[in-house]
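Letters A, B and C mark the chains in the order given here, with residues in each chain numbered from 1 onward.
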Amino acid sequence: MRQYLLKSLLQIIPVLFLISIIVFVLVYCTGDPVSLMLSDTATDEDRRILIAALGLDQPLYIQYFTFIGHLFQGDFGNSFRYDMPALPIVMERLPATFELAIAAMLVATVISVPLGILSATKRNSFLDVLFSGSSVLGKAMPHFWLGIMLILLFAVELKALPVSGRGTLAHLILPAFTLGTGIAAEMTRLIRSSMLEILNQDYIRTARSKGLLESIVVYKHALRNSMIPVVTIMALQTSTLIGGTLITETIFSWPGMGQLIIQAVNTRDMAIVQAAVFVVAILVIFSNLLADILYRVLDPRIKYN
Amino acid sequence: MSASLETQTPQLQSIGKPVQHTGQFKRLTRMLFKSKTGTIGFLIVIAVVFMSIFAGAIAPHDPAKTQAAKRLKPPMWMEGGSSVHPLGTDNLGRDVLSRIIYGSQVSLMVGICAVILAGTIGVILGLVSGYYGGWIDSIIMRTVDAFLAIPNILFMLVILAVLGPSLVTLILVLGFTNWVKYARIIRSEVLGVKERDYVKAARTVGASNQRIILTHILPNVISSFIVVSTLSVATTIIAEASLSFLGLGIQPPTVSWGGMLSDGRQYLATSWWVATFPGIAITITVLGIMFLGDWLRDILDPRMKARK
Amino acid sequence: METKLLEVRNLHTHFKTEDGVVPSVNGISFSVAKGETLAIVGESGCGKSVTSLSIMGLVAPPGQVVGGEILLEGQNLLALNKKELRKLRGNKLSMIFQEPMTSLNPVFTVGNQLGEVFRLHQNMDKQQARGRSIEMLETVGIPRADKVVDYFPHQLSGGMRQRVMIAIALACNPALLIADEPTTALDVTIQAQILELLKKLNDEYDTGVILITHDLGVVAEMADRVVVMYAGEVVEQANVFELFASPKHPYTKGLLGSLPKLDEQREELESIPGAVPNPLEMPGGCAFHPRCPLATEQCQSKKPSLVEVAPDHLARCLYA
């Protein structure tokens, strides 16, 4: 186990390296931070000084090494909008995004596990057709539009829930559903097909031959096995989940990292963008690692080699 | 996994072979109309394509024409609505129906162009990666990992912020961020095909790598490519709408569904229809493409059907 | 005769498919006495396994038991509701399956899957169930049972897994044990060990056994009485000595003809030409006539019934 972990951690290094290149290329080579940072009245002399100060007159690879050097110290430069180091600003927004993401996963799980199981155990019944149809619809619907429709229904028409902001549980409901529905759609489909496959296995027949309650057959013997692929695939969706928070947070003015990124992109606050991309990438990489570990925990057949 | 691949070999090989076209076409249409969802998907896609090509002839109004006096008129079946504007008007008095019809042009254009671009990059890198293996494979696959670690939408936002939004950059951005899934799928297909006897045989008789890739491997991976591309058009349309919704995609005066949604959002409290109808248009279009894609998968790739 | 443990009367089990109804089991009757081992033999697809699943009440849709009676100690299993049947299953009535490699749940330990039975049918707590599980594993001849109880199935060999399956089946000392091809998937030496184990347990516990097999070698070694099935029907039934000494039905003769001699390589049942007929296109008359070397014109039109051809010896053939 330890060896396996060590090996996985080592494999992350080249990926992080490539991400640093991608971020570097994105920001340094395609943008012109100088004109963004200077006012229109700046003289050529001001410009030259700033270029030198930023090291932009250096050859590209030197610039990259400087960038990497700073990166190792967690220094992504200062946000010019907040006039503060970028990383702490990003980290400060992380809890809100976590809260939303976890709530969305919770919503997705609560919806999809029973629906997927029901669909599989009552295959081709009315319920199965209904749930499968809904999950297709859930995938086809852009979730930002769903969010708007939820606001229209629950906040504008029924006035039951707040439109935006963060604070109480009521604030969390609409964003969590907006983000969770799309995931639930995908998960329901996965659980259904995985469950159908497992229910045909010999060991399910064995379980029934012992006289076990059908609910124990399904929830103990089948569910554990069918969750192995589902958990793995879902954990690999972290990237999509975080991507989803960008828009969801914007719609609901949720003060998380997503909203911060969108604002930073719109104002070209590149230090924040870089820091955020890096933080997100690390989150995704580690959640993939976590998925792998979870997979090994769930399935005793996997050995560490 | 390898065992199931072997048993499926005969079916897979038949996919790559050329078939007489007329017979094939008839067979396909028969199979299409046998599938309920396939038929629905096909009809929706045809309708959307038709709508975008003949937008000028179908749309009742000029989508950009503003009428200050007719702002935020409700749809025709509501009080205050009229059949002149069946789906109402937006905050500038523009006809919602006409804008939806014109909006299909952007969605389809961006969806299809971006998928072609992403597909081309992905197929080439996937073929190279799978066929040659070794260090080049490692580099490409680690790059894929790096791309996968950054959410697509975040990636696109950053590039768009740097390059500035326009139709062309949008297509480029969507193309350059979505090649990853093609590369992975094509690579794994190539790894399977590469070990088949006829490829080995071709190599033994001295066929060049390029020739082997073009004549033996490409035809065998093309069906997965078609399936993935079709479904990709659907996700790309959603991505385009998302970006336009965030103000970083299509810019006014060009009409896009995502942009309409973004406009309508501000008038949600009083005029629900402005944001509702473009969303329905996106959902139906994406649904149609997904149905068509599922149907294609079922007929082109028996392995995937078995998995479903 | 002795007291009947199980009596199957005129059992019909059908499968509804897109192409029509397949009568997999078509009116079969037989009985098993206490402590007796009854073998059901026939080629694959003749309805042996469906018969055993029907007794267990485990026929999966689209299959359905559509008629007949299954009496276990006089109680009709087909008349019981789900709950009552579940109480018998794994308790008085249990089954061993053909595939030891896939018949155990890969994500639970041996102790968990075996202990489950004790906790369910004998209301034991976790500790007691674990203790009984270890004893049971020892009974079926698993060495280091106190260790194996915490193993996952993938850590055991095929033979060991089949022993675990037997332990599960015998956990509650069932009155009737159905063993569906228990040794087919195992290699020869392990086969012999498992058969010996089954025989020993059968003697010790006085359990009635239904042994489903296509291997007449196994039948000769294990069975007291034999039922030969063909195309969903019983074609011959007799005690094992009578059947091997004077088979009456041409199908049985064919099966016996294909029994490998000691000095031969085994080839399964190859001497009967042709294959089991498609159940949707059953031949008229005697179902076996297309493959029967002795078939006459009458066999094509007249369906033979199961008649007593000698004391306690039934056969379904016009010429028996």
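Going forward, a residue touches a chain if its C-beta (ideal position, glycine included) is under 8 Å from a C-beta of that chain, and two chains touch if they have at least 3 such contacts.
Fair warning: this is a prediction, and the values are worked out from it, not measured in the lab.
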| item | value |
| --- | --- |
| Distance-maximising chain from subunit B - centres being C-alpha averages | C |
| Best-connected chain pair, where connection means C-beta pairs in contact | A-B |
| Whole-Å gap separating subunit B and subunit C, where each centre is the average of the chain's CA atoms | 54 |
| Distance from subunit B to subunit A - Cα centre to Cα centre, in angstrom | 22 |
| Interchain centroid distance [CA atoms averaged], subunit A/subunit C, Å | 53 |
| Complex contacts: residues of subunit B adjacent to subunit A | 142-143, 145-154, 157-163, 234, 238, 241-242, 245-248, 258, 261, 264-265, 268-269, 272, 275-276, 278-279, 282-284, 286-287, 290, 307-308 |
| Residue ranges of subunit C touching subunit A (in the complex, touch as defined) | 56, 58, 60, 86-91, 94-95, 97, 99, 102-108, 116-117, 120-121, 152, 154, 165, 168-169 |
| Residue ranges of subunit A touching subunit C (in the complex, touch as defined) | 201-203, 205-213, 221, 224-225, 228, 298-301 |
| In the complex, subunit A residues that touch subunit B | 14-15, 18-19, 22, 26-27, 30-31, 136-137, 139-142, 144-145, 148-149, 151-152, 156, 193, 239-240, 242-244, 246-247, 250-251, 261-262, 265-266, 268, 273, 276-277, 280-281, 284-285, 288 |
